[in-house]
Amino acid sequence: MITLGSQGKNTFLEDVNLKSGANVLECYQCGKCVGTCPVSQYMDFPPREIMQMVKLGLRNECYMANSHWFCLTCSACSGRCPREIDIPAVMEAVRHLAIDENYINDSKKVKEIRKFHEIFLDMIKRYGRNYELRMMAEFNIRTRNLFKDMHLAPKALLKGKIPLGVKPLKSAKAIKRMFAIAEKLEKNK
Amino acid sequence: MEAEVKDQLVSIEKPELIAPPNWEPVIMGILCNWCSYAGSDLTGTSRIQYPPNIRIIRVPCSSRVDPWFLIKSLQTTADGVLVSGCHPGDCHYISGNYFARRRFLVTKKLLNFVGFHENRIQFSWVSAAEGPKFAKVVNKVTEDIKKLGPLHLYKKENFEKK
Amino acid sequence: MARVGVFVCFCGANIADYVDVPQVVEEVKRIKEVKFATEYKYMCSDPGQGMIRDAIIQYKLTSIVVAACSPRMHEKTFRKALSDAGMNPYLLEVANIREHSSWVHQKDKKAATNKAMDLCRMAVAKSIANEQLHEISVPVTKRALVIGGGIAGIQAALDIADARIPVVLVEKSPSIGGKMAQLDETFPTLDCAQCILTPKMVDVASHPYIELIPYAEVLELQGFVGNYKVKIKKKASYVNFKTCTGCGACWQKCPVKVPNEYNMGIDKRKAIYTPFPQAVPNKPVIDAENCTMLTKGKCGICKKVCLPGAIDYEMQDEIIEREIGAVVVATGYDMWDPTPYEEYGVGRFKDIITSLEFERMVSANGPTNGVPQRPSDGKVPKNVVFIKCVGSRDEAKGIEYCSKICCMYTTKHTILLHHKVHDSHAYVFYMDIRAAGKGYEEFVKKAQVDTGTTYLRGRVSKIYKKGDKLMVRGEDAQIGQVVEVEADLVVLATAVSAPKDNPELARLLGISYDKYGYLSEAHPKLRPVETAKAGIFLAGCTQAPKDIPETVSQASACAAKVCGLFSGDTMKKDPMVSTINNEYCSGCQNCVKVCPYGAIITDEVPVGHGIKDLRTVAKINEGVCQGCGSCVAICRSMAITLAGFTDPQIINEIVSI
Amino acid sequence: MKKLTYFPGCSAHGTSEEFDSTLKLVLKTLDVELEDIPDWNCCGATSAHVMTENLALALPMRNLVLAEKLENTTMGIACASCYQRMKVTKVHMDENPELAKRINTTVVEEGTYKGTVDVKSMLQYAYEDIGLEIIKSKVTKPLTGLKVACYYGCLLTRPKNITKFDSPEYPVSMDQICEALGATATEFDYKTECCGASFSISNTEVVENLSGQILAMAKESGAHAIVVACPLCQSNLDMRQPDIEKKQGVKYDIPIFYFTQLMALAFGYPVDQLKFPKHIVAVEGALANIGKFQPVPEKVKKPIKAVEAESEDK
Amino acid sequence: MNYTKQIQDIAAKLFAEGKIDVFVGYRMNGFDENQVPVLITDPQDVSKLVFTDKSVFNLVNYLKTDHTRRKRVGIVVKGCDSRSLNLMLTESQVKRENLYVVGICCEGVVDDAGEKMQNCTDCMVPDAVVSDEMLGTAVSGSGTLTYKKNADIVALAEKPLTERAAYFEEVFENCIRCNACRHSCPLCYCAKCCIDQETATLYNGANTTSAAFHALMTWSLHLAGRCVDCRNCEKACPSHLPLHLLHKQNESVIYENFQEHLAGVIPEDRGAFYKYSLKDPDDFIM
């Protein structure tokens, strides 16, 4: 059971609104987003429920949900939302807040998704561009699932779908610098 | 704010103009008939007490208020003015308060620019149901103007008073 | 030299306990214009008023100040006392020393007394500048114009005409009846719409006080309350109604087929047609856009078959002018076009229809003889999905507001579907069920139980085609899961929207409309049937979406307003209006822009100074002016005066304390 | 000769090499010269915006700044994902100069962002800047007989206020291009449903499910092939198709073409230049329909005949 | 900037074609480098016309005289002048069909000391916005000139209230109530100025600081949203009062708060006080 009324001011709602630029209070729970969302069935709480949880100020519950990790940012929901709420931005805001405050949903799926994004960013940081084979390999190693998608590999390699070589970017240095400054900006906010 | 008030008195360099001990400000209140005047009547019928410094003039609509009335009040009898009308969207005459709102802002800024403290020219929206709000507004305006002291700009020459 | 009399009231203890009334009287006496001042327990009582009357005569007073309660309370009482003494009532000023002094400064008698003195001084000063004013009386033309012949217009016209006031009823289409004539049954009682409407339509046609002008539009309205002049364009019908017997030979033989508007385009009508069998007047018109005789000069069959010889291809549009005193606007509503709902495939899938199309299908006199059919293959649908709030409550694709009637008519549709197709099943996607009205919630409950309709709480997200079915996907928020319904037919409860011609009509009538195009009432609560322009009233959906009972009530209210307006030969009006001093007016016409009532027009006057030319000045119509003073404050030349609140009066008040 | 700044995107040298190379062939025919952004970097999709705010804007910003140094007013982007990141960044920067100033600090060395270059997807460029008439005029081998389902994915037309191109629900630009090439576009309701792109590696279950639905609907619409304009969509629908078939127990056998491949084909380029061998799902079956008699497109047919035609198809 | 030749040609042509009765332009004043307005009625006199960066006056002011009313007039207007002309047209003071307007793409005019005037350096609308014929090439370019808040009012606003009060008290004290400002303003065309009307003068002394305060405040509020910053009033003022301060103050308040265009730039636009927006600032009202 959730007890309401004792938390005082709903700072969570304010945080989410500020970060997303949307106004969650506009949501009137019509559910059009849920039927639209391609991955709502995989979420702990579909977008509509996340919106209500933000309105209720359920900060921890929101952070620990897997919904914002499953959001594909396909913008289908916001395109159909009758109140024109930028739902992907809300999801993004919840996710960024959760990362900032170090709340980690520890289900296997979310861990994998997180790992993938980390590896991806790492790849850009190192080479300036993304190298798919290396990324897939690294992903499999880091998630301890060496044989995932292995059945696709020979076919893909054979057809030249995934290149083997890595051409490092001329100004990989510039990218490293960007990462450093961006990180600083993130902290200063 | 205190410091500023002091500044104003010193720079004008007219020692007799420093507020006498029993000085009470005069505030000219110009109220629209349909909302704010009715609201002030409600303050009365509800017996809500407020300082006795305001003198109320009734006009049909806040849009009837010529900026000239404010200038005239300040240079003759008043130490401050309050204009009050219907809330935006509630104007008895549909759009009067919207026109008035623009004029008020410009007038207030201009008077402030030429040396009147901004608290001497105040505006409010008070509806016919807002008796308590009217009292609150009068309280605030009176307090503000008491802090500022008597107004003497442009008053001295042509105004001989009781 | 002004001679002012001041009368200070004790108001029992209300004033006297907190204000030293005798001292106020003494103070006031020191003002040189004050020739008489006195006090009394109750100035508003008969003896109190008598004192005023006596003093006016005895001291030859030129203006009166009563220091008592708020002028909003007793101003009228004291004005009457002045009149009784033969003095112009507008020479009265009231100093509000009760609400503005004694009651609000109860703890400081000295301050309250001081303030009361100041208020009296201000009132005296103002009264010195008071002028004699006279009530304005405006003559009235006792004839009303009703625009729109739907149920609202019909009801208003009948109620006004029953009071023996002539009515001109203008209808855009060839027949009166409006949207209600298209309905099958009405909620919550399931009366047949035709059965209750058509007798009223016939009454309109036969009423001696109603002049029905169908197939016509209002072109122009001039004048002001009680004295309007209207120009009406009567479109050419190409049929002489006087000789036509309505036999129907013409439309049976006409070879041109056109989508039938009355049946929402589901079937066809002819180029010469009456909109529906019970039409009033029951005379055909020729649709000039589609008639081959009128467009290409070929055919002429209708003329050949018309025995009375009523067909006249040479007929022209006609301009009719009428003098009227009041207008009732009842232009109804439009159904909102759901095309922006691309995710539903509107326009691509034939088996998605609007609620009014469904209404025609289930109507016994409809194109499918009362049995709903799929437009794609004519099969009778088994699974029907009703989607509410299509366009309503949708800022992104439609309109922000709730259309008010959809919940109820959708409930009605589930019942009608159940009646017509017994083995059908209805699914309703809804967000809320708004059933506020007499018998409405009971109706919804009964429908839900009797029909077994499945209600799903959620807005539909997407519709796609699978085989010959439509797959309707949305969330059922009650179980928090996405559901898909296999539908044979989808009915969209499309929003009610303002008639698209409303802005243009509002401009020509000189009234205002809101951002949706609905005409604006003068006050949302207390003057819901009047517009800001005196003498123009609103009935029905042209003001906001509403159902039939509300529409009829508003129409009758309009009638009462019109009858009230016409109750005398002239109308009396407060003299607190603006006037223009031509000598000072420079003709910049800024006042025209700020007047909320369109009461200011321009006039040409001679330049003077021996120059033979005209110059433009502003002119105020005192019948229309409501006395807000907007124009006075913006007139840089100070050429405008507002009686009762003139510049000298207000300046006097300011400088008097 | 028109000039166009080109951002190939990381996958152009990998999974979507056939898109890149056929695009170049097609643009040669259409008389457009591509100028690569020198030393471009990854736009960050789809991970940067998931994890951080600033980096998600900084990475595209660098490319935009570099692109401004070339003199062209338009930048064409092959990959839909890159296109969206770039366009989102551009719109945010243009609307919010404060933010632009802040993000610009990460790429000071490259230069200052001015907002002078417009960002377009290659589909948008072909549709708006080249136009159907010119495309039609270059067709030498019309694709008559080929029925295609045009799949746009979520990024090309959404969000509407960012992309400002075509409809977010039922776009028609690619359909019209395909019809200009002589092919028939089917009525396909899943044009803009998401294929699950950003989970293509991390969460294959989702991808298989979503892409599976798209394939099923394409089949339902009677298409021989799906046409796409995005490398991620292509690889999901193509590479995962055998897995999806296994999982659902249905044989789809629907090849996934880039629209540029079909354009090149219609413009008369020999088949061996179109890199069909790179496809996982064989293309020959679908291409065999070209030239076969095809009834008039369904949309303009009379209703009665339409019913007959449908039954023939099944 | 020198359009002397072109303007002479245009005037001569207009007279020759019988299109105008009067031409309003500038001529040299005859004793120094400065110019004065001239009303030319005789075609022989067109050679007197000049136009250089010394052509400072706003000639639209001369359209309210009896020499030009009800006549066909040719007139030279700079950017600011044309805005006041636009307002005159909107407010029905002149008829467009009676005018032949020579618009100047104005590069700015100079004061007696030869320095570019302040209103020209801040100018947002250098090119005439209403004309039958334009001279010169557009100065505003792509229309990207941005609004510059007047430096004088910014400086004054930063000073303490008392200093401002003292400053303006001196300004009003120096006013001699000669009304030259009013007569030089093209937009002060009222039949009888409100300042001179009995109601207004009733409680004012004739020539006191207080009366000057009242007169100038009322005047500047009547020009709020209409003043085009041509500075005719300042040039005319014998006491050299900084009248532009009042006008620029109002202009900046209007520009910053109401999202309005500058006065007279848009045809048929009457200025900020004759319309409203629901989004106008409301936070200064209790």
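Labels A, B, C, D and E are assigned to the chains in the order they are written; within every chain, residues are numbered from 1.
In this section, a contact is a pair of C-beta atoms (placed from the backbone, for glycine too) under 8 Å apart; a residue touches a chain by one contact, two chains touch by 3 or more.
No experiment lies behind these values; they were computed from the predicted model shown.
Touch-path distance (fewest steps) from chain C to chain D is 1.
Shared contact partners of chain B and chain C are E. With every chain reduced to the mean of its CA atoms, the largest distance from chain A is reached by E. A comparison of the A-D and A-C interfaces places the larger number of contacting C-beta pairs at A-D.
When you average the Cα atoms of each chain and compare centres, the chain farthest from chain D turns out to be B.
Ranked by how close its mean Cα position lies to the mean of all protein Cα atoms, the top chain is C. Once the centre of each chain is set as its mean CA position, chain B and chain D turn out to be 66 Å apart.
If each chain is reduced to the centroid of its CA atoms, chain A and chain C end up 52 Å from each other. Averaging Cα coordinates per chain places chain A and chain B 56 Å apart.
Centre to centre, using the average C-alpha position, chain B and chain E are separated by 34 Å. The residues of chain D that reach two or more other chains are 168-169, listed in rising order. Contacts with at least two other chains are made by residues 80 of chain A. In chain B, the residues that reach two or more other chains under the touch definition are 72, 76, 95, 99, 103. Chain pairs recorded as touching, per the definition above, are A-C, A-D, B-C, B-E, C-D, C-E.
Taken in their complex, chain D has these residues touching chain C: 167-170, 187, 189-190, 217, 220. Within the complex formed with chain E, the chain B residues making contact are 4, 7-8, 10-12, 67-68, 71-72, 75-76, 88, 95, 98-99, 101-117, 122-125, 137, 140, 153-159.
On chain B, the positions that touch chain C within their shared complex are 24, 26, 28, 33, 37-38, 40-41, 43-45, 47-50, 52, 55-61, 63-66, 69, 72-73, 76-78, 92-96, 99-100, 103, 135. Across the complex, chain E meets chain C through its residues 70, 91-93, 189-194, 197, 199-200, 202-203, 222, 270, 273-275.
Interface of chain A with chain C (complex): residues 28-36, 40-41, 46, 48-49, 80-84.
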